[in-house]
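First up is the structure itself, then whatever we jot down about it.
Naming follows writing order (A, B, C, D and E), and every chain is counted from residue 1.
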């Protein structure tokens, strides 16, 4: 794991001391973060053996993490724990922070600290491309899929998302049955494989666009149902103080908003600018 | 009267091993023949060829008028083999009782399943044969509750229940404790007295002397000597017979 | 000269089963004693109590001057038992050779591991004892390549290599094919001639008649008769001895 | 899975054997002076009982230690113990425990399929017809050559593409059944070969046909032989059924545990609850199996 | 896991046994008239060879059928076959295959730990000291009573809380090792009890102490007995190591397959690739094991 022997008493110093920052990201979340299977590990990397280097990963989140690392003046390395391990907190210093398109929610804020948002995504419902549904209401009583422990699942089950009412544009269809798979990608693939256990899935618009671009037989149903503020996250139970690190990361993200770097990355990966806060 | 069993020019190979070498032997009705010979001489194989537990490589087996050529195949052959098996009863060294059936079920299994006999008639027949081996009182026991000697007697009753023309015994007492041998030999003696035709592979010289009409000595897949027990034990002709008898003696018996 | 083995008032229980009943017996130096008796009479248990493979429930075992009380515990007792075992050699019905060692390694295992003998000296001793049982040429074989008779002879050599004062044989030929019995009995006869003190449980009446100085008859955990073989076989006193001898005879031998 | 073959017999086995004759004979001679045999026998009994109760005691201590590990205490030794949120456990124990039935149901269906396939594969393995022999060995090799985890995903994703759209439960049952069938074919093969050549020969000798020999003599013995190991497989299956949770459609123990654990950030507590339920299921099933085994081995055979 | 115990010996086994003496004796009598025994022997040989080659043929056909299933053809029967994206397969085969080494490494480390634990547990089970006996049975019962899948998560989540911070690989090795150790203790127990009472008694009779008896007589035989089943466990372990992927830190076969498959929406292709690699590993390891087994059973013993 990460962490390492820390003579320092705060995480920022520890990171600077060892020369790399260990960022957790989901390795199967195209286009935000996914493996670069043709990239090879540089020989001079400081990353620990079970972490990946910037050469082995790619995507929007990866580029943001890279920029954060550069701002801290250290190499960026990636840990790849499963998503629910990240959101569950209590990282026991296995990695330093998460840059993984995590939505800020009040529940998560109980165990994690968040940076300022670095982008905003609309959540949408997608259905099979030959489906005859025309609106959200048509989904009443149907089964709909979402990744486990995602905000999409929370929204579907009518739970408290824990963000401002102004960001929520629609209520879930009546009597919807929720099927939760390990990630949203599994939902898309189950539909592509012809499974009929559910008729659609909830995920970010960026994922649906990527699904369509990859040739999956799916389409977006209606417009976005809510918008999420996505940010880097830190473990509240970290044994090292994260205050100074959080401040540095906030500074870096704000700077990237300011000089248009985030906008560039967004257009590059999503084909649109998702870095402006929705009004 | 024609012989009950007639084996002519029987050859048997296991792979390249020539185990029976153009062997011929006749068993007349009501005759008791003991076969002796050292280990590996082919005694068991001869018995097993007679009821086709081993398919002969060549030669002719004739049992009670049914004539079967060795090394044949096909449905007709299978039918003939089946007929021969109904004429012969076999008793194994290791008993081979069916452990999942009671003693009585062991005995009536053949009549009911193979001969399609009425169950009640088969039970009657079975009880009669258990009586014959002195085990009526064990009819509802399972084999694992019996002593070795009792097991072997049930095995004899099972074979008898098929009403065979000839009984084949392959060392029926070799797996028994010395003190249990007697009860099995006594049943066999009784059968011999009743006029059953019997072919017995055995190491029990006492039994051979007392009961056999003829003793056949085998060595290396051939019959090397054949005569009445009195004559054979007193004046063996073949040196191999001599060696065999000496060996039993030096064994301390 | 004092007896080599002296068993006094030996009692042995298995659970509630009284297997040896206050049994006493002496074995003089160079004496060969055969023990006969029907199955379950306690013959093996007696032998196994003498070298403490079974712990006696009560009584005293004395071997070559070492006196051990039965039913004791603790370090001193363990030491005494160990000393007794060095004085006795045991040959089992089932050979119990060590399958993962060559014949020679089997024979030198005791001297090297237990007596801490020099390996080269042990090899010399081992070869000498293999010679004694006529198996020098098999020294580098593994046991599974040997016949039963050869195995038993190696087992005898293994026991001899510990240079025991008395050899205990528990039905050494019962697991052998009839034709292999002779070679083992011959080795035992040779040992007897060389003056080895021997205590032999056996069914081989011929051997008992020829070699034994005394035959001991056991029944129900007691010694019921004890005399020279000639006398015992000709005029058995105890009815149980008579029954035993009859049983062997009716076994067809 | 204590099969009573160890040094310490299971309580119910030993009591059935030892006590009855004991009390009978004790009643007979109610004299103050017990025989030596009585005394020695009782000493042995006492020693065994003492061993058993000491083992029981140690088990108890180990259990307490295990629970203590989760009290969240800080030890002087600088070791921190694991803290569990007991409120979470109380709140969710009902939800998780209702997965026990589903797990059991799933396993029952799967073991039936597996038994059938295993028997067919074992018979195929004995066949002298090359395609049948090949099919049986191919099936066993392919299934045993790949992880169950992977097979479950595969059935979930691949079958719909050929137009077979099974419910999550059925896909799980098929995956588990196919997988265990391949492994269990060895059991049935062993069962068939446990029926010695002598049995077949005895049947032939009284004139039975090959079919009669198989159905009347070989199969009844082979199946009886196969019952205890099949019981073991069933117990193993209750645990492997946890993998079905990954497909998300079968709400068995593991699914429920991961589900509430993730949603409420208490994966550890949820997993521990599931572990306790699995362990209890296993202990109960093992005890049942021991009884069956004891009956089979004592009984008629 | 074909252990060569079936009707058809593995090719290399049979050739080692059968061919050499055959050709030797054939060379000796190169006369036109072969003996009857020669003829019968050769007929048998021919029949066996023919059976083997027919089985091989059937296997080939089954493999082709399996591949055909994935061509995406539409059959007239109304059945659609599964379509695979071969470009994806070509692009990612290198990435996935590099997990074979990790899987193997993981399994090697785990089997060492498991063997050690299994031996200790088996010896503990034979102990007459109650706490040791209890510890051994407790360990086996607890581990065998809960799913491996759950244990892996548990070690990953729980150990750090007591201050033991292991790498993902080490947590995986410990979970696998502990799990297999509990199951394999049965193997070593069987190994120890395969060494008959007679062996111990023979050792005692020549004056060996209990320790000498154990180290010189019992253990060497027990370990040799345990080698083949341990080989089987190792093969099984290469597949169970797939479960380690779930924690996300060990980049073995299954992890690579699921990650790259999900990210690029080609899970099916990725899983099939992984399946092929697992199967190949299994076949190779099984062949190695057959050789070891053949040597052990033929060899000195």
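In the analysis below, a contact is a pair of C-beta atoms (placed from the backbone, for glycine too) under 8 Å apart; a residue touches a chain by one contact, two chains touch by 3 or more.
Quick caveat: nothing in here was measured; it's all calculated off a predicted structure.
J.: Which two chains have the most C-beta pairs in contact?
T.: Going pair by pair, the biggest contact count turns up for D-E.
J.: Between chain C and chain D, what distance separates the C-alpha centroids? Give it in angstrom.
T.: Their C-alpha centroids are separated by 47 Å.
J.: How many angstrom lie between the CA centroids of chain A and chain B, rounded to a whole number?
T.: So the centre of chain A lies 83 Å away from the centre of chain B.
J.: Using the touch rule from the top of the page, what residues of chain E touch 2 or more other chains?
T.: Residues 157, 161, 267-268.
J.: So which bits of chain A are touching at least two other chains?
T.: In chain A, the residues touching two or more other chains are 85, 90, 186, 189, 193.
J.: Pairwise, which chains touch?
T.: Pairs flagged as touching, ordered by label: A-D, A-E, B-C, B-D, B-E, C-D, C-E, D-E.
J.: Can you tell me which positions in chain A touch chain E when the two form their complex?
T.: Within the complex, chain A touches chain E at residues 1, 3, 27-30, 34-35, 37-38, 48-50, 79-82, 85, 90, 92-94, 183, 185-186, 188-189, 192-193, 211, 214-216.
J.: If you look only at chain C, which of its residues touch chain E in the complex?
T.: 51, 53, 82, 85-86, 88-90, 92, 94, 96-100, 109-110, 113-115, 142, 144, 155, 158-159, 162
J.: Which residues of chain A touch chain D in their complex?
T.: Within the complex, chain A touches chain D at residues 84-85, 87-90, 107, 111, 148-149, 153, 179-182, 186, 189-190, 193-197.
J.: Going by the contact rule set out above, which residues of chain B touch chain C in the complex?
T.: 38-39, 177-179, 181-182, 185, 203-208, 210, 247-253
J.: Would you mind writing out the residues of chain D in touch with chain C in their complex?
T.: Touch residues, chain D against chain C: 25, 36-38, 40-41, 44.
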